[in-house]
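Across the two complexes that follow, subunit A remains constant while its partner is subunit B and subsequently subunit C.
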Partner chain A sequence: MLEALQELWLTHQSTVAFIGLNGLLALSVYTTLSCGQLSLAQAAFMAIGAYASAILTFHARVPFALELVVAAVLPALVAVPLGLPVLRLKGVFLTIATIGFGEVVRIFFVNLDFTNGALGLTAVPQRTSVWMIYAALAGALYVLWRIRGSRAGYAIEAIREDDPAARTMGIHTAHYKLAMLALGASFAGVAGALEAHYTFMVAPSTYSFSRVVDMLVYAVVGGTGVFYGPVVGATFLTALPEVIREVSQLFRIQPGPVRLFVNGAVLLLVILYLPEGLASLPGRVRAWRRARREPRAA
Partner chain B sequence: MGQQVVNGLFLGSIYALFALGYTLVFGVLDILNLAHQAVFMMCAYAALVLVVNLHLPMPIAFLVAVLAGGVIGMVVERVAFKPLRGRSDSNTVGLISSIALATILEAGVVAVFGPDMERFPIGTVPNRTLAIGGAVISELQIVIIGVAAAMLLGLTWLLRRTRLGRRIRAVAESPKAARVLGVDVDRIIAASFFLSSALGAAAGVLFGLAFNNVAPDMGRSVELKGLAVIVLGGMGSMPGAALAGLALGLLEVFTVAWIGSSYRDAIAFGILFLVLVLRPRGLLGSAALREA
Partner chain C sequence: MLLSLEKVRKTFGGLTAVDGASFVVGTGEVHGLIGPNGAGKTTLLNLVSGLIRPTSGAIVLDGERIDGLPSHEVAARGLTRTFQNIRLFPALTAADNVLVGAHLKRRAPLWRRMAFLPSAAAEARAAHEASVALLERVGMGERAAERASNLSYGEQRRVEIARALASEPRVMLLDEPTAGMNPGEVASIAELIRGVARAGHSVLLVEHNVKLVMDVCDRITVLDFGRVIADGTPAEVARDPAVIAAYLGGEAAA
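And now, the complex of A and B:
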């Protein structure tokens, strides 16, 4: 029994680790999105955290915990000057500006010497254990949970619902938006550092536009109405490829395109038919059952 | 120098075609259609199949692929955008549903053609060259610049002078007012998607020919460049997109010549970023940003 469990753990350890990492990344998108701002610069923040921690590992003998702190603080410090001009933009313009920023950061990492160009940094020692990933995820969830019921939480919700109205009520919208952008950047930076020390490498191609789209997809599929929704989405979509791989082996077909297809199809179905995401599914089922039990109660 | 200008115009005219389609839909719906790059890529494959498997001559394959692109565009609208219309967050949600559809289309292409790049057979396009002044221009480059220019003029004529064009502009101005005046808004939106995707398809086929490279991920980098172009030109502005497309093409070519190829893309996105921060309405954008 114990051996079987151990073997199960060994085969699925990396999936479990990536569920945690992707959950953290999805939360980083969610954090900014919770004030109605869609930032797609998260891959750049992740890259900053990853490069900073890996370079510290190579050039300075510091404890890993300190590196993680640096990986959390540095992206936030970058996010503030980015946010000052960019958060004045609205809607899709903000999104485009953050895409532009993300690409510029990635291209700089490709061209700098001390980041070893397009090859990236390899042979990064493995210092991440799975429990650290989940500790970080739990920490992020705790912060978001504490924010939710607080004064700041209500302010953020007001900003998301109606920005001008919130401003009229005397809420300092710019401060909150900036703070949430910086917080999201920290989450992404920590995830980047943890991933770098889990996969042994920091490669600039990891931090491309498609990575940030993945994060967004996790958040949206899980649901952005509640703070744990993105983690639900990340869990579902990270575990799904494993299931697909098993199934496509059964039918002897190439898993690659099937995985892409299923990802796209799940996202589309959720957007069209489950706008609050998977996290809202239990509530919906409950409501549907209640409606069935008392058909003409209204 | 002359050579660089020619190369830049050639690259820029493809960017311009792609971005025109992008900006047309944005002008009408205020939504970024991120499936545009998938149409671009699929139609390059369509032209490839028509030439390689059905042995059609290139010009006919081009026309068929462009029409197919328009039809795919209408399907994209029907599946990814129409069901969301009227939802309060339709801007963000439409962006995401178009990403979903792009993923599905790309998966289909990978399943059929595999992930590797394909080439047009030798002799599909003329490869003679002309020397004008100090610059060497291939016949293909002339054809591409010519086709792009013709399509730009055709679109301008259509939007300015025809009933359909007037209605498209009316819906772009205000869907509500257009509906009150008896315009079938749903049909106009479908028509805009047809036009937009036909332009994207044309850009895809020309891009495939120009670099003789058709791959499932060929649309990715062009998609982001297209964003830079429509922002630089002013979101929703057609002449702006055309001008900015050419400008970006020239700029990239000169960056490669003077600074080096590794910073080529950084220039595009650096400009994108600066324009958004300093002058969000772009070169030729008309109105200031709408208040939320």
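And now, the complex of A and C:
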């Protein structure tokens, strides 16, 4: 019995790890999005965290915890000078500017010698345990949970709803937007460092535009109305391919094409029928049950 | 003299929206700002509240120039406003809208909440109760938990006034607070404005309902094509031939 459990854990350990990492990355997109700003620079922040921590591992003997602190602080420090000019942009212009920044950062790392160019850093010692990933995820969720309902949390909601009106309430909207961009950058940086020390490498191709799109899809599918929505989305979409693989083995069919099809279908269904994301499903079901009961009561 | 405008001018390209307007609003005074459509009333409120900068001229609040300051700085100096096309935060409840309005007044450092200190929870509870009390003052106590987007037009206007009052401003700008309201609702808004002034806040009121303006205002400034054409007590303004010609009714002057 114990052996069977152990085997199950060994087969799925990396899925569990990636659920946590992707959850943290989805939260990083969500954090900036919570003031109505879509930043797609998150892969760049992730890269900064990953490179910084891996380089520290190679060249300095410092505790891993300290590396994680650096991986959290450094991207936030980069986010501030980026955000000062960029957050003045609105809507799609902001998004495009952050995509541009993301590419610049990736190309920067590809062209440096001490980051080993396009090959990236390999043979990074494994220092990440799965519990560390979940501790970081829990920390991020705790911070977002405490912000919600605070004075700052209300200011952030007001900014998302109507920025100029929020300003006439005395809310320094630029400060809050910058703070949330920096916080999101920290989450991404920590995720980058944890991933690098889990997968043994830092490869620049990991931090491409498609990675940010993944993060955004997790957040949207999970729902951005509540702070835990992105984690729900990341869990679901990271576990789904594994589930499909297991199920298609039962039916003795090739999992490859089924996986792509089901993934696409799920995305489409969620966006069409659950525009507020998977996290809104329980509320929807409750409302639907109430609506079914009421005509009978009347 | 609490708020004064000195030769304030605003041009948009070739169009002069406000053309050298000067007037003063005293402490605890309800000051009406009237004029035909397009006279520049809303532009003037946007200038005073810092949403746009004047091309020239000075706006002085309690001895300090506020023209050119961003609107959150203007708000921090004690000036808030409502909007002609109501701008509540639609996804928030009425009480939470007022809570956002109290942003400047609240002392609630985030670290206390992060550390789960009981003082943070107590402050949040007190702030919520103050918001509900303010909603009761504008007759919206029962609707405190309703989402702003579910409120009727008149209710939204009241919540917006409560939100503007939440920071205890020295001056409150009201942009057509009775637009689209029935006579009963207008009367209660008039009473509300008088109460606000009695509590020591100055009010700058833009309004098309002439009866309301004449009833509640201590002084009235009349704008036409961005210029001040009259300034005085309601009785003086109502007698002014230029005002009658431009706004109150052309036939009476002819």
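Please note the rule applied: the second predicted complex is superposed on the first by the 277 of 298 C-alpha atoms of A that agree within 3 Å, B and C clash if a C-alpha of one lies under 4 Å from a C-alpha of the other, contacts with A are read in each partner's own complex, and residues count from 1 in each chain.
Here, contacts are C-beta pairs under 8 Å (C-beta built on N, C-alpha and C of every residue); 3 or more make two chains touch, one makes a residue touch a chain.
What you see is a predicted model, and the numbers here were worked out from it, not measured in a lab.
Q: Determine, under the contact definition given at the top, whether A:S210 touches first (subunit B), second (subunit C), both, or neither.
A: Only subunit B; A:S210 stays clear of subunit C.
Q: Would you mind checking which one, subunit B or subunit C, touches more residues on subunit A?
A: Of subunit B and subunit C, B contacts more residues of subunit A.
Q: With the two structures laid over each other on chain A, which partner does A:Q254 touch: subunit B (first), subunit C (second), both, or neither?
A: first
Q: Considering only the touch criterion stated at the top, classify A:L268 as touching first (subunit B), second (subunit C), both, or neither.
A: The answer is first: A:L268 touches subunit B but not subunit C.
Q: Quick check on the superposed pair: does A:G149 touch subunit B, subunit C, both, or neither? Answer first, second, both or neither.
A: A:G149: touches subunit C, not subunit B.
Q: Based on the superposed arrangement, let me know which partner A:P164 touches: subunit B (first), subunit C (second), both, or neither?
A: Both subunit B and subunit C are touched by A:P164.
Q: Of the two partner chains, subunit B (first) and subunit C (second), which one does A:P282 touch, if any: first, second, both, or neither?
A: It touches nothing on subunit B or subunit C.
Q: Hey, what residues of subunit A end up touching subunit B and subunit C alike?
A: In subunit A, residues 164 are touched by subunit B and also by subunit C.
Q: Write out the stretch or stretches of subunit B touching subunit A in their complex.
A: 30-32, 79-80, 83-84, 87, 91-93, 95-97, 99-104, 106-108, 110-111, 115, 220, 224, 227-228, 231, 235, 262-263, 265-266, 269-270, 272-273, 276-277, 280, 289-292
Q: Can you name the residues of subunit A that touch subunit B in the complex?
A: 38, 85-86, 89-93, 95-97, 99-101, 103-104, 107-108, 110-111, 163-164, 209-210, 213, 216-217, 220, 254, 256-261, 263-265, 267-268, 271-272, 275
Q: Taking the touch rule as given, give the residues of subunit C at its contact with subunit A in the complex, in rising order.
A: Residues 49-51, 70-72, 74-76, 80-81, 83, 87-92, 96, 99-101, 103-104, 106, 108, 110, 113-114, 116, 120, 124, 127, 163, 167 of subunit C touch subunit A in their complex.
Q: Could you list, by residue number, the parts of subunit A that touch subunit C in their complex?
A: Touching subunit C from subunit A are residues 143, 146-147, 149-152, 154-155, 157-158, 161-162, 164-173.
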